[in-house]
Structures are given as structure tokens and as C-alpha cells.
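Think of it as A, B, C and D in the order they're written, each chain with its own count starting at 1.
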Amino acid sequence: QELIDAFEARVAADAFIEPKDWMPDAYRRTLIRQISQHAHSEIVGMLPEGNWITRAPSLKRKTILLAKVQDEAGHGLYLYSAAETLGASREEMIDALHSGKAKYSTIFNYPTLTWADIGAIGWLVDGAAIMNQVPLQRTSYGPYARAMVRVCKEESFHQRQGYDALIVMSNGTDEQKAMVQDAIDRWWWPAIMMFGPPDDNSPNSAQSIRWRIKRETNDELRQKFIDATVPQVHLLGMKVPDPDLKWNEERGHYDYGALDWDEFYAVVRGEGPTAKERMEARRKAWDDGAWVREAADAHEARRRLKAAA
Amino acid sequence: QELIDAFEARVAADAFIEPKDWMPDAYRRTLIRQISQHAHSEIVGMLPEGNWITRAPSLKRKTILLAKVQDEAGHGLYLYSAAETLGASREEMIDALHSGKAKYSTIFNYPTLTWADIGAIGWLVDGAAIMNQVPLQRTSYGPYARAMVRVCKEESFHQRQGYDALIVMSNGTDEQKAMVQDAIDRWWWPAIMMFGPPDDNSPNSAQSIRWRIKRETNDELRQKFIDATVPQVHLLGMKVPDPDLKWNEERGHYDYGALDWDEFYAVVRGEGPTAKERMEARRKAWDDGAWVREAADAHEARRRLKAAA
Amino acid sequence: MENALFSYALRLGDDSLVLGQRLSEWCGHAPAVEVDLSLANIGLDLIGQAQLFLGYAGEVEGKGRSDDRLAFHRDVMAWTNCLMVEQPNGDFARTMARQFLFSTWQKALFDGLAASKDARLAEIAAKAVKEVTYHAELAGDWVIRLGDGTEESRRRMIDGLDWHWRFVEELFQADAVVETLVAEGVAVDPAGLRPGFDARVAAVLAEAGLPEMQLPRGVVGGRKGHHSEHLGHILAVMQHIPRTYPDAVW
Amino acid sequence: MENALFSYALRLGDDSLVLGQRLSEWCGHAPAVEVDLSLANIGLDLIGQAQLFLGYAGEVEGKGRSDDRLAFHRDVMAWTNCLMVEQPNGDFARTMARQFLFSTWQKALFDGLAASKDARLAEIAAKAVKEVTYHAELAGDWVIRLGDGTEESRRRMIDGLDWHWRFVEELFQADAVVETLVAEGVAVDPAGLRPGFDARVAAVLAEAGLPEMQLPRGVVGGRKGHHSEHLGHILAVMQHIPRTYPDAVW
């Protein structure tokens, strides 16, 4: 109990917990779950965007997108490493993803249908991710906090690039404008659901906030995101697909319509439109790559043996 | 010897040999080799054309090409069946193809690069095949001869359709005309090599002619093809890629330049530009399909057992 | 509902064309030459249907768009095929599961459509219903053969049905286009086809010794241009030459 | 030789772009996230080179064609990349065999080109040579790792080298374009690169414990637009959006 008290005191004082420090099991487990889920989201998130690299409409856009997806692979890597400092192995985490035990962000279970979706993902999805993640730069677990600093920096860059792509398109042909509006129509609701269930229905929030694994509630973050994003939609000359959306002078915030949580939970259960595609692609990549990983290990073992001799 | 004499007499009298008739081993072996090679050519020949079905430039052309390739699968099927009447099993023949022991027409080791190639194959390749095959409608082995009747009929149809496609293109845009000329440049020489090595270097010809497995020599057939085809090239407004080609009034035939037999034999050895692609595609289709064939056999066996009970 | 007939004919054409295009990808790569023949045969029938439906759609629209124009010069959001037909071929079991579900539905649809008050639709459907009956039977036979074949083929067939089952719901959805035309006696009420479809599927699965399908949440959207990620790739290939040479005649 | 410089810059750009496009197909599907990173990184370098070479080719040509115009609005026969870069990715061993052979050649080429009398080519090559050196090393390490890994990886690497070896000859071929520019001190004489290439390949294969490569007949034609069947499919995908919306700016 002394250990626990000391731990809670350090966390309450906004000090970092480091890998070698004592920590409660529940804290460790919660962090492994959250960090690995975040890592999986980066890796699975490469797929909807990867779908457009080969069809990017200009060489410049192709390099921007390829660099973005490369960054995401990098984020996945830091995050897996951060989770590894808590004693989780990469293989275990990936098995948990492939068996469906571990989750990843529901948003990646929607398809990318036109080039505008790539802009919309950068702007809305990375945008929502940043809102979620900025507070995590000061989260209590050191390696996670440091990973988030780098992740947030790169994601702000992606967000600007995504929005920039949509600005160009909304100044373009009628077809391009229609693509932008359609992308907003499809990504808006899933993006604002990325903040998770409403506060009155979010079981782990209180403890996570106490442990500084979260720092703001789901609804607070969601409101912040909506307030920041609605003017950007209007700047593009586009509409938010929410008939109930309106500025509330009194609250100083936008009011917004009811979210379709049935949809959200269906996607969490694995019934998103592209859920099967995503899992099949990840499993296939992993299974098809088994011989490569084995070969690299075998070669490395042989090399070490030689070096030792 | 009596059997042999009787056999030779029947063949010399242009009578058909049927599956149950006695025949010399060498005759049987030669026929199996020739018919299975012909069957393999039909099947491998589906690949260069299949390469363009998904990209055919109009719905009408797509259906024509798909129907043509379907016919080729049909030809493959009759021919395998004809070879089976001689005691060869399908599996053996296909294994021989995949191991490189059995050959198929060298022409299918060249790539189809533009839509004009599809026309050129129908016109030149099917055209040359018909020249080779028309005499085989009267070949001495009954099942083979009957298969050839149907094959020839369908191939004349393909030839007309191929030429028709090139007529349309050579009345089209400059780009289309360039495609037609380029296709002729690339397919001309391989097509006229389809008749095989020159007579003075064609080891099996004499016996094959005696047995009515061939009826004309390679060079005779080649000359016939060139004489028929050169005017068609000119009708398209195109050039034959042979600077030595000219009409010989005295012979009543076209004289033509030297054929590059080194190229021919290199392709026979398996060094054609798309040889690896063709063999890999066939092996993969066969290996990937093994579970389907096994399942069909298992189901059939179970069904029979039930029917018998 | 303006242009409901155009939309309806377009859907029918898009369904057939996209599936025909998918089947033609098999060409030369099937498990046996007999199967190559069957797949090409079905593909050919479907593309033939597409020519008629799209040709008719273009006439109804009255803007001079031909079947080829509609096939080769529309981008992904203007396509209205159901999601099932654009699914990748996968292995042979997935291809046959898709064919079985789609052709069983299409047969029921065309049976009804042959009695449409629209003479052209009725005529096209009546011509096609024989083809489609054959497709449904052939695919049903393969479902049985693979379901009742080996362990491996059974596992693969379950996977194939599982992949496609979520797209069944869309086949029976009605929207304003369909409702308008049903009221006019032109279109078939899709809800009415469901019992027959379910019965036929159940019978084939039972004969194949396969488990009943669980109903997951349906995935929909194709009729209004919201497709899976696969259609864009299909169109990239299919449209490349006409888009590259927009002025050429072939 | 009119426009030799245009043709030469175009070839260099086409090589880089087609291989960059191929590598980007791996995105999200590599054997490990570290490998995904490497492949994206190489792909990105190559597409960056392509922008510079194609941009320069367009300037030299003087007809107002931009890098994008050259990338997205040329059909297959106008592409002049070597055949090796358009080969399908296959498994990871084939991808790495291709990368090793190509980057080893490209490094030797760019080393020479950095001293070109054409200032722009020299500048582009000098900038790229660092990237390419890294590609060649990374790929060489994988050839060694897979050649000296397991039985399976060794078999696959031999197959990968075998698939691509027939396209090596083309890399060292000179035609009128190259000869003209070699004489002017602009291009690198490809024949001069061969000994270094052979030595490096032999050293890596030896370290990997792999057999020496047999010399089959070379397959050539890419420089004059006679490609394998693969390039058309690459272009169908890559060009689909710009061809579909020829007037749009992105």
C-alpha cells in the first residue's frame, strides 16, 4: 500500500513514471492496452490511405501521401516500443490484434472512395487524433508521453496537408467539389465518434484521468474538435452533415445532433464496412512475411555465432 | 509386320485410324506428343489474350475477345480428349507441360503490349495456325481429324474478327495506326516461324507426312501463308517488316528475307520474353486449383457411393 | 421520381458488367480447363446483359450516352451496382459463393422482371432468365461440391459465404427509385423475393452440409455510389484504354 | 541526334517512377513494420528523383509538358523505363532481388552522372547518389540475410534473382541516344559500369552463399517502348484519376 500511495502521489504531482519504476498491475495493463491499441491503429490506418498511393492524382500528392503513411509506420514503431517497455512483446500484441482481442480505431473500418477521402482523413481523422493526443504529451508514463510528442508534431503537419488538399479541390471542378462534400458527409460522424462514448457511458474514464492516462473527458474533447472544425468546413464552402448543428451563443460552443452509437458499437464489434478487408490484409501481410522474419532471425543468430568465434 | 503393313496401307488409302485400332507405338507416341502440344498451345495461348479482356476498349470487343478465349479453352478440351483416346492421361500431359518436357507454340512467349496485338494475334497467329491445321482435318487419326474440323471452323472466325479489329484501327487515329504497325512489326516474324524450321532442317517431317500426321512441308505452308497475308497487310495500309520481301513473278510467290532461327530456338529453349510468366501462371493456376479438383473428386465419390446404396 | 427508369436500368447493367468484369479476371487461371470454360461463359452472358441494360438506360436518359459511354466514362461515385459484385475473386470458393448468392437473387429478379410493364426491360429479362438460371444452378452445384468435398474445400466455402453474406441485405433493399417503379408495375418488389431466396439458399447449404448463415449487419451503399474500395481499382483497369484515347473508335 | 537529352532524362525519370510506383504497392503489406518503413522510404526517394528527371525532360523538350503531364498522360509505348523496374513485386525476395540489381546499377550510373557536363543532370545525380547508395546497401543486406537465412528464404532469393537476371543486360545497353550523349560527355557509358556491377553482385552473392548467376539471353526493349505485359497494368492504375479528370488541378 505504501508503494501504491507513493505511485499515486507521483502521478498526482505530474511526475513521469519510467519503465523501471514500480507501478500497479492495473496501471500497467491499462497502458499496454491503450498504447498497443494506438499502435495497431497506426498500422491498420496505413491501409485506407495506402489504397490511394498508387492512384494519387499528381506526383507531388503521391510523395506527400507516401511520406504520411511512412510516418504512420514510424508512429506504430515508437508505440510498439513504448508498450514493450511495459513488458508486452510485439508478437503478443500483434497476435491479439489478429485474433480480434485487441482493438484499433473504428474509423479505419470505413473505405476510402475518392481522392477527397485522403484529404478528409488527414484533416478530420488526424485532427481528431491530435485533440485526443495533445494532452497525452503530459501523460504519466514517460515513454508514452515522449512518443506522443513526436507523433503529435507529425500529425499536425498531416492535418494541414490534408486540409490543403481539400482547399485545392474545393476551388476546382464541380466533380472535385462534389467529392469533397461527399467525403465530409461520410467522415464527419465517424470522426466525431473517435472521442469515444459520451461521458455518462465511458466506464474507464475516471481512473484514467486520475492516472493521467487521459486528461480530458470524451465529450470535452469532442466539443473542442467540433468547435475548431466547423469553421474550417465553412471555409471550404462545404456543409456539415448535421441538421441540428448550430452555434450556441450562451455556451460559446456549437450544439450538435445525436450521434448514432449503434453504428459505433457495431463497428467496434467488427461489423464496419471494411473490417474484414483490414483484418485480412493485416493477417496476410503477417503470415506471408513469416518466412522473412524467420530468415532474418536465423541469419542474425549465425552472424552472432561467427562474431563470437 | 503384318499389322504394320495393314496399318500403313490403311493410312496410305486415307482411311481413319480409330482409338481401338492397332497402331505402331511410334505413331501413338508421335500423335500424343503432337496433340498434347497442340492442346497446351491452346491453353497457354489463353494468357496473352486474357491479358486484355479486362482492358478491352469497348463492350463489343470485350465480348468478342472473351468468346474467343472461351473457344480456345474448348479447343484445349477437345484436344486433351483426343490425346486421352491414345492412352495419355490429362494429369501426365499437364505435368509434362509444367516440367518443361512438353512444348507449346513458341509464339505465346511474346507479350501483348497494345490492343492492336489482340487483332494481330487473331489475324496472324490464328491465320498461321489455320494454314497448319486445315490439312489436319484429313489426318489419319480419326479423333484428331474430327477435333480439327471444329477447331478450324472456329479459328477462321477468329481470324476474320482479328483482321476486322485492325481494319477499324487502321482507319482510326494516328495513335491507333501506330499501334497496328507496331503490332505487325512484332508479330510478323514469330508468326511465319510458327510453321517450324525450314524443310532441310525438320527431322520428323518425312515420317509425319507418310503417316498423314502432316500433309505439307513447313516451307510450303509458310509460303502459302505469306502469299495470302502480304496483300492483307497492304490493304490495312501497313508495311511488312521485311526489306527483302518482294513479289517474284516467275515463281508466282513472294520472296522473303532470312528468318532468325537463333531467336526461334532460343524461344524453344524457354528464353522467350514472357516464357517465365506463362509457365508461372499455368503452374500457379494448376497448383492453386488442386484443392478444388480434389474436392470435386471427393464429392463425386461420395455421391456415387450414396447412389449405389 | 425523375429518371427512375434510367437509374433502374443502370443498376441492372452495372451489376452485370462489374460481375462480368470480375469473372473475366479468371481467364486462363482457373482450377481446370472445364472451369475456365464455365467462368468465361457466365462472364460473357453477364457482359451481354450489361450491353442491353446500359444501352436501354442510355436511350431512356436521352442524352446520347451509349452503353460504352456509360461503361467507360463514369467514375466510381456514378456507379450503382451492388457491393457484392465488386468483391475480389479471392479463391475459387469465394468466387462461387458470390456467384451462387448473386445468381440466385438475379434469377428471382429476372423471373419477376420478365412480367414488367416496361416492354424493353421485360424482353431483356426474359432473354436473360435462361442464362441466369443456368448460372445459379452451376454455382449451386459448386457450393454443394465444395461444401461436401474435403475439409479444406468446406472451410474455404464457409469463408467464401461468410465474406459475401454481409452484402445480401443490399440486394433486397428498396429506395425511392425502386418504390416508384414498383408502384408503376415496372420494377420488381425486392422484399417479395426474399423468402424464395432464403429457401433456395437454405436448401443448397443443407445439401452441402454447411451451417446456416448468421445474419451480420448488412453493408450497403452501392446503389447510391458508396462502394467498397474495390470498385475504383476495377474501373482503373477497365476504363484505361477508352480514357486514354477518348476520341478513338475500336 | 535530336532530343537525345530529352530521351535520356525521360528514361532516368521513367526508371525511378515505375520502380517507386511498384514499391508503393507494398505499403501496409510488408513482413514487418520496419520493412514497411524501408520500402516506403526507398519508394519516396525514387519518386522524388522522377519528379526532377521528368521535370527536366519536359524543360528540355520545350513543349510545356510538366513532370505530371509526362507521368500521367503517356501511354505504354511512350514509356522508356527498363524492363526490370516494371516487374511485379512477387514475394519479398523478388522485390529485394530487383532492388539490389537495380540500385547497384543506379548507384554506379549516378556516380558517373554526377560528373556529367550537363549541369542539371549532374546536380540531380549528385543529390540522388546518397539515396541510391543507401538503397543498394539495404537491398544487398537483404540479399545476404535471405540467402543466408533459412532453406526457404534461400530458395526464394534464388528464384527472385533468377526472375530478374534476364533484365540485367538491358541496363548496360547503349543505343544512339546514349552514344550521342556519351560522346558529348553528358551521359555515362553503360559498358564501363559493367565490371564494377559484376564485382559487387558477385561479392554479395558470395557473402550470401548463393550460386553465381547463369547468363540467360537478355530480354530487352524497354528503352524503345517495347515493354513486358506488366507496364500497361501499372499505368492503368497510376493514371486513372488524371485521365478521368484531365482538367482538374489537385
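Definition applied: a contact is a pair of C-beta atoms (placed from the backbone, for glycine too) under 8 Å apart; a residue touches a chain by one contact, two chains touch by 3 or more.
As the structure is a computational prediction, the values presented were derived from the model and not from experiment.
Any chain touching subunit B that also touches subunit D appears here: C.
Chains touching both subunit B and subunit C: D. A repeat of the B-D interface exists among A-D, B-C or A-C; more than half of the contact pairs are identical by residue number at A-C.
More inter-chain C-beta contacts link the pair A-D than the other of A-C and A-D. We define each chain's centre as the mean of its Cα atoms; on that basis subunit A and subunit B are separated by 57 Å. Note on chain placement: the centre of subunit A and the centre of subunit D lie 35 Å apart, centres being C-alpha means. For the pair subunit C and subunit D, the distance between C-alpha centroids works out to 41 Å. Multi-chain contact residues, meaning those touching two or more other chains, occur in subunit A at positions 55, 175. Residues of subunit D in contact with two or more other chains: 75, 232, 236-237, 240, 245. Taken as a contact graph, the chains fit none of the simple arrangements: neither line, ring, star nor complete graph. Screening every pair of chains for touch gives A-C, A-D, B-C, B-D, C-D. The touching residues of subunit D, when paired with subunit C in their complex, are 75, 232-233, 235-237, 239-240, 243-245.
Across the interface of their complex, subunit B is touched by residues 17, 21, 24-25, 27-37, 40-41, 43-44, 47-48, 50-51, 54, 67-68, 71-72, 91-92, 144-146, 148-150, 152-153, 156, 237-238, 240-242, 245, 247-250 of subunit C. Against subunit D, the residues of subunit A that register as touching in their complex are 43, 46-47, 50, 53-63, 66-67, 69-70, 73-74, 76-77, 80, 115, 165, 168-169, 172-173, 175-176, 281, 284-286, 288-296, 298-300, 302. Subunit A meets subunit C in the complex at residues 48, 51, 55, 111-114, 175, 178-179, 182, 186, 266, 271, 273-274, 276-277.
Across the interface of their complex, subunit B is touched by residues 75-77, 163, 166, 216-217, 219, 221, 226-229, 232, 236 of subunit D.
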